[in-house]
Every structure is written in structure tokens, then in C-alpha cells.
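In the two complexes that follow, chain A is the common piece, with chain B as its partner first and chain C second.
Up next, the complex of A and B:
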């Protein structure tokens, strides 16, 4: 998806009035609940700092901890598998199920299985897999995909869900959430008891003990983990943490960030020792490429709480589907260029689906600098390197005398834009040239606003001059309803020097 | 187990109260009981109010006194035989499961259960009503304290009755698990 295609998708989403209300309601509630739960907490900053340190340590030690997890999970009797990509992950899960003669499966909510499109693969192989999380159940019934990481049916109103249930389940129409939940409970009860296999994701993998950690509210995940004779979990390789004790800070920040709860209703910690027989499919799917990239590695610290989606003004306005990725919102826009949740070429422009306002960084419980990574993602897109790391990173693409942007092929931006930014960088990195250009600009603007005579007091910023033809030519329609401010006669630096001299103080030479 | 500071029991109760409130309906309670007789009396009342007939109890030692007293009042209270565990269908037909907790976390009002043949996972999962009898000495202030005491092996942490907010972010109790959670805490 080129930038132009992404912009077209966003324009279409913004123009769709049906999208605005559900998303606004849900994200506003999500933000309010998160803030309330954090306000009640005496040591949020400390817990967040601990969680950040734990996750960043885990990402740095990814290979070592992953190996330890496998060793310990297997020692207890579990089976671990490696999936390089989505196709392989699906093939592994299908193989495990078929080898055990499993014809039906109950599914816990899992973004990793969404990412690899497991449901479609199971269906092709004749395995009857049903989503059991209420939101996922609704979305599966509607033939859709989740529109939010932690709230899959956020895009649907209660009326739409009521009509869906009436259509597909043959029940009387109701739009009462209590009734709708009771209908799903009744519809799924026997499926829980009779399923051959449970399929889930995992929130975390503990290296020290070889255990999976899963958080939920509904109790459907507990059923998937304990009722059938076979359990298969699909988890990204980055989910690993070093120690069980790390759960303290992580469980302090994850539920609060996700739903504003002090604690998830059910936290399950299960190891390789059955029953049931347990398998874990460790999914790469592009994560190793991110890990190999020192600038972007911190993306892997993400614990998928969804707080950045709720905080993002762009997500709130365009909704989960406009991104075209399994992972919407700011975190999805960082995963997309690496082919996670969306084809890498199609996901390359996703860093542009952001206002770079920084709200996502403010709420991130594991300290990921999302806006900076999004900005850096744009830079790579413009340089034409997409998700691929540059041979060397200079830390600051504009600073210094690095004008390589001008020579790099401009995949997304127009040549004129690239030329403009190169000129900007060229001027800004040469102080004398900058002062000359700034002085010239000031003179032109003063002339445009009709105050070029130099009669006004130094430092004055008077405006309200009649609109001149030069001003109209420069900024066009902007001056139809307001006047162009007059720049000061002297630059800030010159004015500062003048005042310092007037005050009789000495200052070091500039 | 170490002796718990009295404040921790109060903190547990304070954190528990909002967990069982949903749309003006209360879905459970916690009660400090001085004796097994008090706990049995209270739970019998709860079971009558909930119209729970078929009740299965875990075979944990700390429950024995309460279960013996409850049996005098309830005809259909059975106790798990670890050598002949009940089937899933049998568990699904129960009205209430009576179990214990290995540790309790005061700050979040969480119950921690470890894997045991004396209390199958389904007992706290499938019946509509989940009753817990435990001891104040098992309360720890924070999750970190519980994590440092837990032995190796699977555990589950339960914080309130089953819930969802997947329809327009409106909180609903229950989702797929227990609708009611009652906790009796003995000294």
C-alpha cells in the first residue's frame, strides 16, 4: 500500500459517519477507565519503570530466554515448535490437531492466531474452530476480523450485535448487553464441554519456569486451557520474560492499561506438565528482523495492552479497519512495515497514519517511544528503504551535513518534497547561511505586511496592516480573514545581544 | 503460613466489594467468620438465596469442618473423591462449587489456586456459584509476596466473578464462568 493508497483509505474512513460513534464511545471509555485505575494506584511510575526495564531486558536477551523457555517447558512434558511465518504456524497447528484426531476446537482470543489467519486454515482442513471470547465470537459470527487488539467488536453497536444474533443464532432480537452475553454463554456452553482441543495465544512466556501466562475476564480462556485433552498455544517469540517474579510489575500495568482493571479476572499460569497435553508454537513472522534492527528493537517490548489505540486520535477517527492490518493503531503502524499483521510492502506507509502527537508514548506501560519510531518509519519510507534497516544509522537523519536524503530514491514523497527538505537541511546545518536566509525572509515578510520602513520599535510585532498584494501572493487565502503578522525588525539573537550590551553585561561570543 | 496483619483482611474486603458490583446487582460477598459454624451458616444461607441445590466441595483439609457442618443442612452436598474425579458433564450440571484458596492477595482481592487433585479446575469454572472457604493467614499484601511464596507448578488467580465488556464496553457479569463469588475467611 503506497502512501496515496493509505490516504485514500483514511479519507474513506473519515467520510463514513457510521464509524465515528462506536469508536469514539469505546476509546473515550477506555481512556477514562485507564486514567481512573492509575489515579487510584500509589506507585504507577515505579511499576511502569519496572515493567519497562523487564520488557527491555527480555528483548535484549531474546535468544537466551527463548531457549530457556523451550528447555523448561519441554522438561515438564510440553512440546515446542518453531514457525518462521504464518503459513508454517498454521501448518504446525493443523498437524498437531490432525495427529491427535481433533475435529473440533475452542479458541481463546489471540492476536497471534489472527495474525497467521489460523481460523481460515483450520476451516480448510475441516476442523471446526469456534471463537469463545464474546467479542471474537461476535466478529466470527459476522464474518469479520477484530477492529481492536483487546476489544474485537468495538466497531459494532449493540443494535447491530442484536440483529446479528437474531439472524445467525435464531434467537429473539434484543439489544440488551446482559441478554446478548447470556445468549453467547448458552450458545457456547456445550462447545466448551465437547471440544477436542483448545487453541490460545499467550500474554507472556516465563523462561525460568517454562510457563505460559494468559489474562482474561470471561473464563473462556481457562476453559480452553483446562477442559479439552489437547491445548495448542501460538505465541510471538518476543513474549518471553526472564522470571516469574517479573509478573509483579507486568500484571500491575497490563490490566490497568488494557481495560482500567486493577487485575484481570483470571490469570492462568500453566507449564508443560499436563493434563492436557500442551504445545507451544513460537512464531517469528518478522520479529527476528525487528530484533536485528537496533533502532526498532524496542517495538518487541510491546505487551499488546491496546492503550495506544485508545489514546490515538487517528485510531479514534478512522477506526481499526482503515489501517488494513491485523494490528491497528500506533503499535500496528510500527509492526506493519515489517510484515507483521499485513504484507510488508502494503504496511510500509503505515507510520504516516499518525499525528505524532505523542499520546501513545504517554500511555505506553513499557516505555516504547512510539512517536519517534513512527517518525523514523516515515523517514525510511521516504528514503525508499521501507522496513529494511539502513546499513548504518546516523541517529539523526537531518542533522549534521548528511544530505543523503536528496540522493536516495524517493519512493513515496514527490521529488519536490525531497528537494525541499534537502534544501532545509542544507541551510539549517550552516549557521551563516541560515542567518542570511532568515534575514532575507524577514525583510520580505516585513515588506509584504507593509512595515518595511523600519520605523517601528525594535522587537515590535505589530500587525493589522492592510492586506498587501505581496502578502496575498505569498500566502493566498490565508489573509482573507486575518492579517499577516509583521516579523520583528531584528532576529531574536540580535535583539538578545543588543539587550545584553545595553544591560552592560558581558557574554561569551556567539 | 505467617500471621497476617489485621489490616490486610480489611484491604482484601475493600478491594473485593467493587468486583462484585455490576449494574446495581451484587454478585457475591466476602465475610470474615470467627468459627467454621459461622461460615457454614452463612454459606447455607447464600446457597438457599442462590437456589443452588447441587453442590460439590473440594476435599481440602481446611474445608473439612465447614463441609461437615454444611452437610447437615444440605442434602445434595458431595465431596470430591480424588481417586474418582467427576466428569466434565457432571461438573457442568452443578449449581455451586465449594473450594479453597492457597493464597489471597489483599491489594487486588485475588484468590490464588494451585493445581490439585482435591480441587479440579472445573470446580471454580463451570458452576454458576463459586464458594470459597479459606483462612486469614493465607492473605499476603501484594502480588509480589504471593509470587515469592508460590511453589512450582500451574496456578490460577481469580479476581471477582466472570465478566465481559465486549458489547459497547458495557460491563456484564457473568460471561462464561461463575456469576457469583462468595468468600468466607476463617481466622
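Up next, the complex of A and C:
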């Protein structure tokens, strides 16, 4: 997706009046809950520092810890699989289910299965899979995808959900949340009891013990993990942590960052020992390429809490779908160019979907420098190297269609833009030339805004729109919704220089 | 103290009053202000748009212009933040690595220079207004500037400061973001203006000229004057100079 295509999606989202309010309200609630829970915690900074150290250590030791997890999970009776990409992940899950004669599955909330579009693959193979997390259940019923990493139905009002339930489940309309929840519970109950397989993601994988860790509030995950005779988890390879003791800080920061809870209502830690029979599909899907790049590596420390989405003033305005990726918000804009959540070519421009305000960095519980990585991502976009590090080639091609986009066509800046910035640099690194050009530019804009003299506050006043095409070209998209600022009659620097000359050497120039 | 003034390009071109006010505040406190020739821009627009080589070309000119500076003051947290937090990395593998690291440590935003370095909280200014303060994102998050402007404004006589709800909410300017994704930038301005409308203030103060320019331009385009007549905007330096930012004759 070029920047122009991204802009078109964003323009549509911004223009949709129905979108703004739900996202504004939901993110405000998310921020408030997070802040309150952190305010009640005396050692937030320490826990966050520990969580950061744990995750960054784990990412550095990714291969070693991944192998240890696999060994220990297998020793207890579990089975691990490796999926290079989305297609392979789906094929593996389908194969496991088919080998066990499973015709129906209950699903726990999982972004990894969203990422590989598992539901569509299961459906194609005639396996009936139902989402059991309330938000995911709603979204699946509506034929949509999650609009938020931790709150999938954040974009829907309870009235919309009431109409959806009445429509699809044949119940009487209600918009009472308690009743709606009861309706969903009744709809799911029989499915829980009758399912052949449970499918989940994993919040963390413990290398030391070969255990999966899953957090939730609805106990649906517990049922997915225990009721059917078969359990398959799909998890990104980066989910691994070294020790069980690492859970302390991570379980302290994750729920607080995600929902403002002191702890998840249910925390499940399960190993390879059954029943049920357990399988873990470890998904690469572009992660190894990120790992191979020391600059980008810290992206893998992410624990998918969604706090950066709630903090982001862009997400708040455009919502979860305008990004075009399974992973919206600042973290999604870092993953996208690497082909995670969206085709790499399509996700290449995502680092521009940020004002670089840095609010995401403030809330990240594992210390990811998101704004700097977004800025650096723009350099890659301009170079046309997308998410791929310079000189790095993809060497892990394992069958199946590679949706991670190693061979994705380079995005790159247009020739005209490169030329423009080079001209800009040429002029701005030559002060005399700069003052000449800037003076001419000011004159054009002043004429365009029809401004007279007089003094102004910062920003000044002037007419709404540029009167000349030349002026319009100078200001680009500025005047789509904004008046032109009136440039000053005289530059401070020129005026200062003039006065210094007039006063002889009274003010020493450096 | 001899203080070298960096006048960001947009201040110089759009709001030179802010530079004059900065000079007056510092001179009034007895400091000698030096304005190095050869300065144009810190290079941020290019750096943040992904054109680092072009940004570095401009940054090198900046490093040359300020080579002799002991202390650099900038009436912008964003430009000061770029020099202090990013120059060392941008020039790490360049011949200018040492001077970039050196100047980074000696470059300060105006309110931080006053409060943290010069230990001044009362500049003797007067301004009759009910005002609110918008924290520029880079000053706030890269330099940790939050209390400094508030302390300075608390000592401005006649000024009643109303804390904005979500004072740290980005105004949506974001440099080239404002023209690359203009519809989004404008929508963010509207969200910010909602918080300002709620604050019932008659003056908006910020340490960032471009945040103010962006918001002011949006208010004027909408033509609704934010329900309270024209929204007045002033840079912090203009308030501290106590002269409404007018240029001396």
C-alpha cells in the first residue's frame, strides 16, 4: 500500500461520523483504567523495568529459548510444529484436526490465529470453528475482524450488538449488556460441550518448563484448554520467556496495560502433559526476519497488551480497520512492513500513520521505543527496502505461499519526492541561498493570503485559501481544512543581521 | 551568560516575534544573546520523513553554525529535542560525531534553560488572561518538559492558568505528517480544539510555534472562532516577554 492508498483509507475513516465516538470512548476508558491501576501500584516503574529486561533478554536468546521450550513441552508429552508462514500454519492446524477426526472446534481469543486467517482455512476444510471470547464471538457473528488487539468489538455499540444478536441468533432485541452476555453464553454452552478440538493462542511460552500461559476474564479459554480431547495452540515464536519466575513482572504489567486489571481473572499455565492431547504451532510469519535485524529486533518484545492503541491519537481518530492490518495502531504499523498482519508491500507505508507524538512509548510496558522505530521505518520506506534489512536475504523458505513478503516489491519514495528533499537540503545547507528562497516563498504566500503589515501573534491571520496555484503548490495538503498561515514580512535572522551591521560590532556575531 | 540562540526555520519564517521575545526575556535577565550566522534548520522535517541523508546535510550546517556555542537555547522543544535526543545517533558514524554529541548536551529548550539551568522561575512578566497550556509532544516526551513552563507561567502576574484536560494530547501537526495525511491531521486538530473549548480559556499558550499555527489555522478555516471570539494563541516566549510578542520598533 502506497502512502496515497493509506491516505485514502484514512480519509474515509476520518469522514465516517459513526466511527469517531466508539473509538474515542473506548480508548478513553482503556487509558483511564490503565492509569488508575498503575496509580495504585507503588512499584510500577520497577515492575515495568523488570518486564522490559525479561522480554528483551528473551528476544536476544530467541533460538535457544525456543529450542528449550520445545524440548520441555515434548518431554511432558506435547507436540510442537513449526510454521514458516500463514499458509503453513493453517495447513498444520487443519492436518492435526483432520488426523484426529475433529469436525468442530471452539476457539479462544488469539491474534496469531487472526494473523494467519485460520477461521477461513478451517471453514474451507469443513471444520466448524466458533469464537468463544465474547468480543470475538460478536465480531465473528457480524462477519468482521477484530478492531483492537485486546478489545475486538471495540467499534460496536451495545445497540448494534443487540440488533446483531436479534438478527443472527433469533432472540428478542435487547441492548442490556448483562442480557446480551447471557444470550452469548447460552449460544456457546452446547458448543463448548460438543466440540472435538480447542484452538487457542498463547500469551507466553515458558522455556524452562515447556508451559503455555494464557490470560483471560471469561473462563472460555479454560474450557478450550480442557473440555475437548484435543488442544492446538498457535503462537508467534517470540512469545517465549526464559523462566517461570519471569511471570511475576509480566503478569503484573500485562493486565494493567491491557484492561487496567490488577490481574487477569483467570491465568492458565498448561504444559505438554494431557489430557487433552496438546500441540503448539510456532509461527514465524516474518518474525525471524525482524530478529535478524538488530535495529528492529525489539519489536519482538511486544506482549500485545494494546496499550499503545489506547494511547495513540491516530488510532483514536481512525479506528482499527483503516490501517488495513490485523494488527492496528502503533505496534501494527511496526509489524506491517515486515509482512505481519498485512502483506509486506501493503503494509510498507504504515510507519507514516503516526504524528510521532510518542504517547505509545510512554505506555509500553516492555519499553519498546515505538516512535523511533516508526521514524526509522520511514527511512526504510524511502529506501524502498520495506521491512527487510539491507543485505539480509530470507533463507528459511519452507514450502507454502510466503505471505510475509520477502520478495515484496519495494515501496519507496517517488522520484519527485527524492528530488524535492535533495533540493530542500541543498538550499537549507546554504544560509544565503536559504534566506533568498525563503524570502521569495514568504512573498508568494503573503500575496496569496492577502495579508498586509502589522504585528501578529504566532500563526498570524489571513485569508482561508491560497489564491494562486503557485501558493497552493507550496503548501501542499495544508489548506485541506486549514487556513494559510501568514508568513512574516521580515525574517528574524535577516533583521538581526541588518541591525548587527548597522551597529557595527556592538553585538558580536559567532 | 553568553547564550547562543537557535531560531527554528518556521519561527524565523512564520513567527519571528517569538525569536524577538526570546531575546528580550534573556537580555532582561542580564544574559548576552548571540545569534550565529549560518543557521537555517535542524533538519527535522527530513529526518522524520525518512530522508536522513538530506537531514544530515542540513544538520551539518547547523553543527557548523553552533560550533562555538557554550549554551544553545531554542524556543521549541521539538527542535531542541531533535538536537539533544537524536543528533548523537544521526551522526554516530559521521565525522561530526563528537561535535553532535557535544552540542546535544548543551542545547536547551527555552523554559528548561530558564528553570533548570538559569534557575529562574519569575521573569517579571505580566499578562491579563485566562490561559491554557498545550504541551508540545517532543518537548514533553523527549525532554521531559512539563513543570518548567507551568512554573514560569505561575509567576506571570495577571495570568490565570487553567489546566487543559489531556494537555498532552497531540494537536495533530506532526511536521510533514500535516501535509502527508492532512485529513487525519485536521481531525486531530479538531479533537484537540474540543479540549480547549472545554477549558473556557481566552488564550492558548505553547512552547511550539507549529502546534499553535496548526490549531489557529484550523480555527480560522472553520470560522467558528471556537465559540468565544477568536482563539488567541501566544508562544510561551511572548508571554514571558510580557509584550504580546510585538517587535520593537
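Here is the rule we use: the second predicted complex is superposed on the first by the 391 of 510 C-alpha atoms of A that agree within 3 Å, B and C clash if a C-alpha of one lies under 4 Å from a C-alpha of the other, contacts with A are read in each partner's own complex, and residues count from 1 in each chain.
Just so we're on the same page, a contact is a pair of C-beta atoms (placed from the backbone, for glycine too) under 8 Å apart; a residue touches a chain by one contact, two chains touch by 3 or more.
The model shown is predicted, which means the values in this text are computed figures rather than measured ones.
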item: Contacts of A:133 with chain B and chain C, given as first, second, both or neither; value: first
item: Touching partner for A:421 - first (chain B), second (chain C), both, neither; value: second
item: First (chain B), second (chain C), both or neither touched by A:356; value: second
item: First (chain B), second (chain C), both or neither touched by A:448; value: neither
item: Which of chain B and chain C A:237 touches, first, second, both or neither; value: neither
item: Which superposed partner A:340 touches (first chain B, second chain C, both, neither); value: neither
item: Partner chain(s) touched by A:93 [first = chain B, second = chain C, both, neither]; value: neither
item: Partner chain in contact with A:273 - chain B first, chain C second, else both or neither; value: first
item: Per-residue contact with chain A, leading partner among chain C and chain B; value: C
item: Complex interface listing, chain A residues touching chain B; value: 22, 25-26, 29-30, 132-135, 138, 151-154, 157-158, 161, 177-178, 180-181, 184-185, 188-189, 192-193, 209, 211, 217-220, 222-223, 226-227, 244-245, 247-248, 251-252, 259, 262-271, 273
item: Chain A residues within the chain C interface of the complex; value: 3, 6-7, 10-11, 14-15, 24, 313-314, 316-318, 352-359, 361-362, 375, 378-383, 413, 418, 421-422, 424-426, 428-431, 434, 438, 441-442, 455-462, 464, 475-488, 490-493, 495-497, 507-510
item: Chain B residues within the chain A interface of the complex; value: 15, 23, 88-89, 92, 107-108, 110, 121-122, 125, 142-144, 147-148, 150, 152-170, 172, 174-178
item: Of chain C, residues touching chain A in the complex; value: 4, 7, 9, 11-20, 34-41, 43, 45-55, 57-58, 60-61, 65-66, 68-69, 137-138, 140-142, 168-170, 172-175, 177-189, 191, 209, 212-218, 220-221, 223, 232-235, 238, 244-247
